[in-house]
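A, B, C, D, E and F label the chains in the order they appear, each numbered from 1.
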């Protein structure tokens, strides 16, 4: 029995060591990750029970994926086994003016081909209080989208809070299709999470006075985006991450949370990036933890942003951060003095 | 202009370092390999021009695959670029009683989905004298089988010698389908290469008094297999590798070559295995080199077996062996004394 | 609820990469292991539920130890957290005539200082059917010995089968003390496991016609040892592993199981050693699995010996072996042919 | 037939991993590099045909050097094989206030001892349109200087554009000898490339109001240097790189190109250095590509500086950068946002 | 015969590679370090003879610790061998807002249990001119504190200069005990070294207008601290390091030296941190070298701060820095330009 | 003051990790080694004082070479610093039928260009009792040969025992020159060491009934070789190592010692090779230790052969073996059982 249930793909992540380019490398570091799995791990490391629902091939690579979640305490008992392959993605880490690159090889993964009927959502949600998915899951395939809708309906019926990170992926679907499918899911969503571009990509809701590419982000513009998302789909809360990418090595990181009344903005952290992939998922996990723990709006957004700031200082997608570490940073100590 | 043209898939090979199991590893060594690519590399390292024909995605992973061939001098100018993915296979190295494991994730690779019309065989074979493929290529897809047949016809028309390594892969097709498709290709084949099980798997031609699993291989039985293959399909030569697997760490390795008249058996080498994957391809490459160089039957089989013995003492699929090294071993010096 | 509960120390294992000596190395590979933990992992990988009871410090190293068990599915919910340190051992891998070396730094580990009252055995054993410990646990400290006795009594009271691997460690206690303490625990033991030297070290029961150092092991001698162990302490079954150490690189490995009536000897496997540490524990885990699965005496000893043969072909203590792999080897296929 | 032909030494580069000092390391990362080889690789990766002319020993280390060029598509068919040794250099990467260190062991390398008569420049330049060398080549030995002069004469005679990067190396020759020899080669040079110190070192042409050590670089001063170089030797174009070294970790990077009429200055990039060795060569390669592609002066200098900015964010000397990456940065997007 | 004798613990340092967290790592880089050993190595690398007095177990790990000192020229002939264990500490490197973490496992190390009578200080100090210890040594155990007092008395008696780095460690003792014990040792100390917090922790001497956590350090406040330390205990000189921790990746670093008359402050270096552990010890070593070499106050503090700035740009505790490197930086060249 | 003084070259050894071929590797493991340095390290690890006399460049690579000796306790105070380069050799490890390869790049190393007058043999030998060199030292250059003769004369004059390992290197000099030079040095040699081929190569003294390449070594033949060497040059003792190379992975290893009266042959060890380079030097070091320790002929040869057997089970040239390990093996325990 886990309080949080996440549904989505778990992939094999392959990245060259250090700053090697793809064409230089003779080896890949192997880890396992995915938008929803990252949230489950983040919440588990923060101390709450979390489960992932997905489907993985019944071979040693699929087993290694399962093991990677068990290692950090995520409940894997609801994972289906079967299908032919695990999705794979390759990550080349950028530096300075050179951007990180991601190459996806996720087509026809086991979870994308799983039939919606394979999931027994009533059993899966038994004892749970929160359901989380991202816009990647319905983008995987029509089957996955249908399963996602089933899950949303069951979650609502069983009284769970539902959160969705829009997470638009242009490689997986068009803006048009994303808009259409996500519009059908959003009515079930209590907490909508987005990055600084998602609302525009998926729902054509654009912040005024903002140019992401040039690093100009308007607070008022994003508050307006949040209010419009809430109004259009009836979400109770909307959270938006605000990343100003100075370079691949340096990002400014902040977030805001709109609770239906007011908009709380977090502190902004200038981050020396170790690995920024999974930063948004860590934000989602931190926010879910904060709200499940009863934090107020300002406290919750500070917690979520501090957690995801710390995630970007560690390797790989998983947010292996403790509550005390987050609270120390959110409380103002980002001096990085040695903890002996 | 290359003397040898090979046609087949080039895959990304991922294997855990050392003797790590899949479920233990946190990294994969990355190399690129494939039955026909391995032959091209073997022949190039032996000093003759060799080219690979395949199709690879137009991204950095595909480029790395191309680069891995260029590094060892293989002509990559005929490689098509496009499609969505490169085939991948995972290799776990066995030891002692624990067998090596291979997990394939090669479905829908660029080469398997390439349309036969994408290959201009007349241009490809211009200036070449030998065409090589293996039973893996037609097993990839019906399109690949059709392309293979086109290639065989063009090769014959243009006067090339054609060799085929039967290389049966149960994961790719059934024995029945293999038998049917290969029977259509064999009439174009001058040199047929097989391991100790292929002829039985593909054509139900079984050696008498032999049990591969128990490590009992009958010379007379294999001579009979060769004669039957030659008789049934009109091959001029048949070569068979004879592996006695004592354990994953120790193999006895030998081969035979039937030239339409007599059957020449090579010396048998007891090998301390470093990496046996690609051993058969190295044999094929050694044999093609030997025959292109005008060696007689006994000399040719000794050369091919010595080359492939040496390949199994180095990591990865590629047979990075020089003519002088092969000749030293074939000439009787396998003492492994330091060369200063 | 796990069928098997193990009680013992979980240590940080540090070993130089490859064949590096301690004085050469600039790094240590880190894993976590212990006689009882190894058994729990072996049984979990074979597919049955297994739990470890121990105590680990409440810091990140202790957490990493917990994670290493969760990764392979072992139930860690009964592990106590606290105390100051985790036990550590250093392993230098031998080769040929050079023996492996182990340096222990395990004094005052959390589990050795834990008070017997910290364990609630009734709750721990709830739902379990088998309890396993080794002679290392009572050797850790008087407190650990007392806890072990408590556990044995509770296990018997609750109807569990109890197994004990004698596992004599000269660095931890004298033969005299071992004999005295173990004599108090043995009456609770249903299945006694020993290696070729333990019975002599702990209880002065010596096989006739045997010289372990010279590699001469007498079957009759060990049958007599088993009968005497069973007679003296009332064990229902006695299992003994028979290792003939040809060199650090090559061992012959076999075992026997006495079931109160007859003595079944397994096949003997000549092993090219990858890592022999944990081989005995893998035997124990394999035997427990076999008996829990209802195998008869001969089948059970063949299963246990095949499992532990395979363990010695992989790195580190943990026996990451599946039932199908064990059955393939026990069924006679140790040829190590590639599994594609 | 390659459009660009480079002539110079290809060395084995050995550097400790990460930030290890020479006295700490137990291993060296091995790559192959040289001022002219780096230019050839840069141009090949940008998509034009490039060849290197050099001499390498006929052993496996020499072969590995050849392979390192083939891997990235450089034509190696004109490389002479023979001589006794390859030049070697050791690189220790600096950080913050600690400078990188280079130790050369290049004396008596094969290329430095090659007789000028070994090179058949008419054949080498057949079909080529551009010849590039650096001031390192004539500094290697009198023989190399003579070969360089032969090459310049042949190139001019055959109508090639000639470029030279002054690249003064104090360890190889004195300022006096450099000035004398280079003055004899410069009349053949169409495009002269220099860093912020070379013109002063080789020809005593100093920019006004500039202190490289203190990081003060005067634009007007360098424009004057360019005009003087062009005037003195008749070069059509002069390009100068302008590096402001804030620390070993942070450099500001820019460049200028004088086309005989006006001086175009590029944007300045603040770089978080991954590896700055080879930055100047990447600039040269980028500039040659830009001019061969018909770019105008301002566009060409922006392209060359963006290419070499990106090079300094990747490991080793080789500039493994594509045209699209350069154009994206030159076009203004240096935000380093993830490319999915 | 060494000019400098240091007395303290030498530990095994284990840190995950790169920025891996403890819970992510599968290996530890192994080195050996300790506050006093670090000083001895720093001084040895600067060119003066230095010895370490400690006790290490008589096994291969203890020998490796000895070897790590011999490698850098430290005299190890006075090291006692015996006891059961070497102290161990684990270091997780922080980045950006995430602090480095240190976990100690040093209890009951050989040196902490050594009897004061095991040290023959008259023999140890024979021929020496300087004795150095830190506040860590007396904090190890009452025995170690007694040995430290013995050493101080002998050193004074034999005319050595005595230096002490206060180095308060909260994990080892309380502020109260530290104050009491250190007050008994300080009367023997000629040069007292402290970081920006030590004087407050040990002697409740606090700088005015300073908040270390917020990064505000008052020069006047620290001058007052130095004067008060000198006055209270009769030290001839007091040196204080002033670290402003911007984040785990960026620190500002400076120092001051009070010579009984005036207070000299060094330049401040903004450091991109590679590894800051051991920075204070490198300062101590640099200062001892400077004073032994006869530098004046301002020159000495500049030398010590430049040396320790450079140390923080290299991995591990040891300060492998030469005099010429320190002088180059102290002389104003921190531009990090490549040294060819 | 050291009992043993060795004179010879110390080189940088670069070898690819594991079984990688030169053309595959992207990195080299770095160590330092040389025939005489290896002997010094072996003797130092066995517990006697040993020094190396050589010349190394005054840069960080030269310093690392010095440090590699200090680490293992060798006295480096007599090493000259200067010259331009350190000798380098590349080692590719063989396996099974594939031989190891060594590529030398040692020409013009500092020690080969050192003037004989740079060595003050009277000071160097002060307090020493044994002088050792190998046939490699005089082969380096005429200067080195002259220095070697100076050393021999001084050693004899000062009463040292002199040993020489013939160590013929065909890459350094011809058999004729070797014979001429060595004949001039042999009259000073008390103990002559040779492998199974050296006496034939240098002095045309061939064993009867022996074929090294075929692995047939005649005991009587080698006894005759020893007697002839002793007779011709007046050596008191002659030791010969007898290696039967079954393959690069398996060697049989033995040795003999002729003491002027009788010939003692050691046990033969079948070795699973980890790294055989340096095996002969380890034999020399073991023998010198044995004779310095007063062992009789049979005991001494058993000690030397056991020591060098163990060396071949560890990586790199250095013989990091203790007396107790050697005695355990020489005493008959080569079972490789774990030492806990």
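Everything below uses one rule, namely that a contact is a pair of C-beta atoms (placed from the backbone, for glycine too) under 8 Å apart; a residue touches a chain by one contact, two chains touch by 3 or more.
Chains and their UniProt names: A, B, C, D, E, F = 2-dehydro-3-deoxygluconokinase.
Computed from a predicted structure; not experimentally measured.
Undergrad: Using the contact definition stated above, find the chains touching both subunit A and subunit E.
TA: Expected: C, D.
Undergrad: Shared touching chains for subunit B and subunit C?
TA: Joint contacts, listed by label: A, F.
Undergrad: If you take the mean of the Cα atoms for each chain, which one ends up farthest from subunit E?
TA: Following the centroid criterion, the farthest chain would be B.
Undergrad: Centroid from C-alpha atoms only, then distance subunit A to subunit C, rounded to Å. What do you get?
TA: Each chain reduced to its C-alpha mean, subunit A and subunit C end up 42 Å apart.
Undergrad: Averaging only over C-alpha atoms, locate the centres of subunit A and subunit F and give their separation in whole Å.
TA: 62
Undergrad: Nearest whole angstrom, what separates the Cα centre of subunit B from the Cα centre of subunit D?
TA: Using C-alpha averages as centres, the distance is 42 Å.
Undergrad: Can you tell me which residues of subunit D touch two or more of the remaining chains?
TA: Subunit D, residues with two or more chain partners: 18, 21, 23, 26, 67, 72, 101.
Undergrad: Name the touching chain pairs, would you?
TA: Applying the touch criterion to every chain pair yields A-B, A-C, A-D, A-E, B-C, B-D, B-F, C-E, C-F, D-E, D-F, E-F.
Undergrad: Give the list of subunit D residues in touch with subunit B in this complex.
TA: For this pair, the touching residues of subunit D are 67-68, 70-73.
Undergrad: Note which residues of subunit F are touching subunit D in the complex, please.
TA: Its residues touching subunit D are 14, 17, 21-23, 25-31, 59-61, 63-64, 67, 84-86, 88, 90, 92, 101, 103, 105, 107-108.
Undergrad: Which of the residues in subunit C end up touching subunit B in this complex?
TA: 18, 72, 269, 271-274, 306, 309-310, 312-316, 320, 325, 329, 333-340
Undergrad: What does subunit A use to touch subunit D in their complex?
TA: 18-21, 23-24, 94-102, 104, 169-171, 213, 215, 245-250, 276-277
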